[in-house]
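One structure, pasted below without further comment.
Chain IDs A, B, C and D follow the sequence of writing; residue 1 opens each chain.
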Amino acid sequence: MKKFINDPSAVVTEALTGMAAAHPSLRVDVEQRIVYRARPKGAGKVALVSGGGSGHEPMHGGFVGAGMLDAACAGEVFTSPVPDQILAATKEVDNGAGVLHIVKNYTGDVMNFEMAAELAAADGVEVATVVTADDVAVQDSTYTAGRRGVGVTVLLEKIVGAAAESGADLTSITALAQRVSDGGRSMGVALTSGTVPAAGQPTFDLPEDQMEVGIGIHGEPGRRREPLAPAHEVAQMLVEPILDDADFTQGETIAFLNGMGATPEIELYLMYGEVAKILTDQGVTVARTLVGSYMTSLDMAGCSLTLLTADDELLRWWDAPVNTPGLRWGQ
Amino acid sequence: MKKFINDPSAVVTEALTGMAAAHPSLRVDVEQRIVYRARPKGAGKVALVSGGGSGHEPMHGGFVGAGMLDAACAGEVFTSPVPDQILAATKEVDNGAGVLHIVKNYTGDVMNFEMAAELAAADGVEVATVVTADDVAVQDSTYTAGRRGVGVTVLLEKIVGAAAESGADLTSITALAQRVSDGGRSMGVALTSGTVPAAGQPTFDLPEDQMEVGIGIHGEPGRRREPLAPAHEVAQMLVEPILDDADFTQGETIAFLNGMGATPEIELYLMYGEVAKILTDQGVTVARTLVGSYMTSLDMAGCSLTLLTADDELLRWWDAPVNTPGLRWGQ
Amino acid sequence: MADAWDVPLLTQWLTGFRDAVDQAGEELTALDSAIGDADHGSNMQRGLAAAVSAVTDAPPADCGAFFKTVGMSLVSNVGGASGPLYGTLFLRMGTVAGTAETLAIQLFGECLQAGLDGLVQRGKAQAGDKTMVDAMLPAVRAYDEVAADGGPMVSALTAAAQAAAQGRDGTTPMEAKKGRASYLGERSVGHQDPGATSMTLLFETAAKVFA
Amino acid sequence: MADAWDVPLLTQWLTGFRDAVDQAGEELTALDSAIGDADHGSNMQRGLAAAVSAVTDAPPADCGAFFKTVGMSLVSNVGGASGPLYGTLFLRMGTVAGTAETLAIQLFGECLQAGLDGLVQRGKAQAGDKTMVDAMLPAVRAYDEVAADGGPMVSALTAAAQAAAQGRDGTTPMEAKKGRASYLGERSVGHQDPGATSMTLLFETAAKVFA
């Protein structure tokens, strides 16, 4: 295992320590593993809390700041945070207008946020929850755990964060969040496995000439293994299942090509070029683009594509100023 | 070789195509491999042109935009651009106030920019040049090629870009650039070798328990090989030679911890935490911090540390608004 | 030897479970690497270390307090799926155990049933979904059968441990419907479930306490 | 056979050089991987493909035009260190060759000397710095010696090629002082210089034209 770490069990705490040192705009409770804004949002506004396992940086801690999250809870690597953290963060950021929990659809995340929401409600904090589940690699079914929440989570935190900053109430914020969640679809592919520090070796072996198609963000194997293919074929494998699952030819789309942690920008741009070509051919109008490593899977080489249906309102929230370590524009 | 590419010889062109698709704020001449701002800077202002081999993204193309570069020339992977490109870019962005070439100290880069500058001068464009050479791993000497230009280049492009935006003239811009170049020191370490697409295999073999200390940004082996060490020891190997080479205890410092392409943010933050601890112990006051992968070496896992002495003027330019794909803040 | 649990014996059980999970840590993580995210071993190790600390730092007054302390430790220290699941299991056992200072074969059976109900309520997994439920459900049934015949405890727990192990082995050919393994679809077939594996250790170490 | 270069023979030389570099492409890149950045093979291949296209698409009128076309092609298509270096070498040869339609042994020697001077001026490398100069310098000296004795061309070029090869081999024990390899310091010792290797191919293919 080749990583810049000390003790594998201290990785999360030590990374948060570095994050705190690097970003005066954040207040990091290293003990409880919660990232807050140094300057909390004004009173009377809905607060957004997210979190999840570590290893996905900049998500979620890097998305704390004006126009996005109010707090992020960091779990162990690939392990959702515990209810205590989520409860503490929720109570801390509540401005009296209620708190939205943004949860990615994984059994552990859902259960831990659920327990925290129950405890927060018992303490008199109004909590609503949105669960993202945009990964088309997994078939949706009421008998299973359902789809994984992946790339749309980043877009949702940006869009809903802007709306919350504007002072919208919890009901409309929750409805907006659900609308974003419903409108997003993602698909991912991995060229290498990541290595969980505590495990010390790659989660799976992937021969030099193979790739995993339909992966999530926890270093897990994907839905199927395929021979390594040129970028233009991989682009097809990303776009096709998304367009098969939902219609993106009506209205406009936000396209998000995400790196999994060990894929450099030159490859991401090249891949986005291939994706953009196919989208144009398929009649998808891309109104906004995000290319970069925003939701990673430790040191996995790979990428995922997320498409989100966007109307004028969504685009307005997307364009609104954001000032976080991970996403920053406008003022 | 596991990469999102098609034909290895088309990597640069195809990545530029994707970049153009992703960023309406850029105008990309894919043919000539030059990245321009879509909206050129106002007349009468000094223009900044940089460039170098590809494989270092977001540097330099990702630093084109308001507050930073006017144009960036992309060479083949790890191969400096040719004079034709640099000349074309220089003539295109000249506003009559002259052009500063920002060149990293590599034989190829220096010679190609030199030839372009001669040709531009012959065409009546006033060109000044700053050559960055901040890598303390290489001993400086008039008999050798000198030190490599690494991390300080990013900081220089930001700082000098802000000054150029303010309308300062070429003489003062060049002096400022030289001052930044002189005040920066860097040191890098690699955990894995990158793979040049055209070569098809890693540039060097690095056993699982070894690392390369004193690397540059071209996937080359470093000054020495060391047993893999925990992050706090690696931090020491980065900080020590820098502080041995220059005094950073007077005044303030900008600290830049850079990822080499395949190192995820969680490790960079952890490493920065270790670096920050040592800097504090050594009496270095960090006024500003940048942590992220801004000057990469394809898919190399590793990082580099850059320290830059900064007075109030430099910090003011550093804080000034910048709006590029790679660096963005203020407005 | 007594034929009922008390706080010292429960502590012995917990310590034994922690040791067994420590020993099996790499195996659990390897199983979770194949069909999950390579953390079940470290998750359980972290949680059980905290639980053992909690009950040794401030020994609980009764069996209910013991289970609640363990449950809260797991909920507060594990995270992921196994934290709330194992946590709820122990919390519910604690509710049934109440202030009892000993748990004889009948009452302990009721605790187990409550724990299983809590686990199922929390995770909504059914038998055959390839989860820890596939080890616990048959274990509780086997325990109940022996308990209905009057025991002794060691027989009931041994039967439970054997049934758990069988249930665990039975997860291998299953296609996962719940938890991370479900994302793999058919590719989850042929791998043993990590949660069912740790659950089996829970019953095996229980049986050893009375052996 | 004629004992002087003309445009067709120069074209044959260039094509031969391109083929040799294509053949040795992987070796050149491997050498550059050890002490550089793994691109000397692809750099030279790209540049020579462009140069060959240029002189075949529009055959130059004279030897000077030939060298200038080659030099410009290399400068405009290679980049890196070898682009300006090889480019300058050929451009300077072109200046001396001027409008000559043939280059006999004497004039060709002057061309080589000018090329070498340009290379050294551009790169500022001295003998012993572990660069392509370490192959070209002895090659030009050896050529001159035979030329001073009146030739023939094949002997002068063969001597040059042998001296280049010797110079190339001599780079192995050197510690690099110029170019990327210099960053490696002592670690550059024990590796053959890629630029000296391609330069040797240049002289070897020249000799073959008259063989």
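Here, a contact is a pair of C-beta atoms (placed from the backbone, for glycine too) under 8 Å apart; a residue touches a chain by one contact, two chains touch by 3 or more.
Model, not experiment: these values are computed from the prediction.
J.: How many steps does it take, at the fewest, to get from chain C to chain D if each step moves to a chain that touches the one before?
T.: Step count on the best path from chain C to chain D: 3.
J.: Check every other chain and keep only those touching both chain A and chain C; list them.
T.: none
J.: With chain centres defined as C-alpha means, what is the inter-centre distance between chain B and chain C in Å?
T.: Taking the mean C-alpha position of each chain, the two centres sit 54 Å apart.
J.: What is the distance in Å between the mean C-alpha positions of chain B and chain D?
T.: 32
J.: Could you work out how far the Cα centre of chain A sits from that of chain B, in whole Å?
T.: 29
J.: When you check chain B against every other chain, which residues touch at least two of them?
T.: Residues: none.
J.: Looking only at which chains touch which, which shape fits best: line, ring, star, complete or other?
T.: Per interface graph, the chains form a line.
J.: If I apply the definition of touch given earlier, which pairs of chains qualify?
T.: Taking the chains two at a time, the touching pairs are A-B, A-C, B-D.
J.: What residues on chain A touch chain B, complex-wise?
T.: 2-7, 11, 14-23, 54-55, 57-58, 62, 191-192, 208, 211, 228, 230-232, 234, 257, 261-274, 276, 289, 291, 293, 296, 298-299, 301, 303, 321, 323, 328-331
J.: Tell me, which parts of chain A touch chain C in their complex?
T.: It is residues 9, 53, 75-84, 106-108, 111-112, 114-115, 135, 137-139, 143-145, 148, 196, 198-199, 203-204, 216, 218-221, 223-224 of chain A that touch chain C.
J.: List the residues on chain D that touch chain B in their complex, please.
T.: 29, 33-39, 41-43, 46, 75-85, 122-123, 177-180, 182-185, 187
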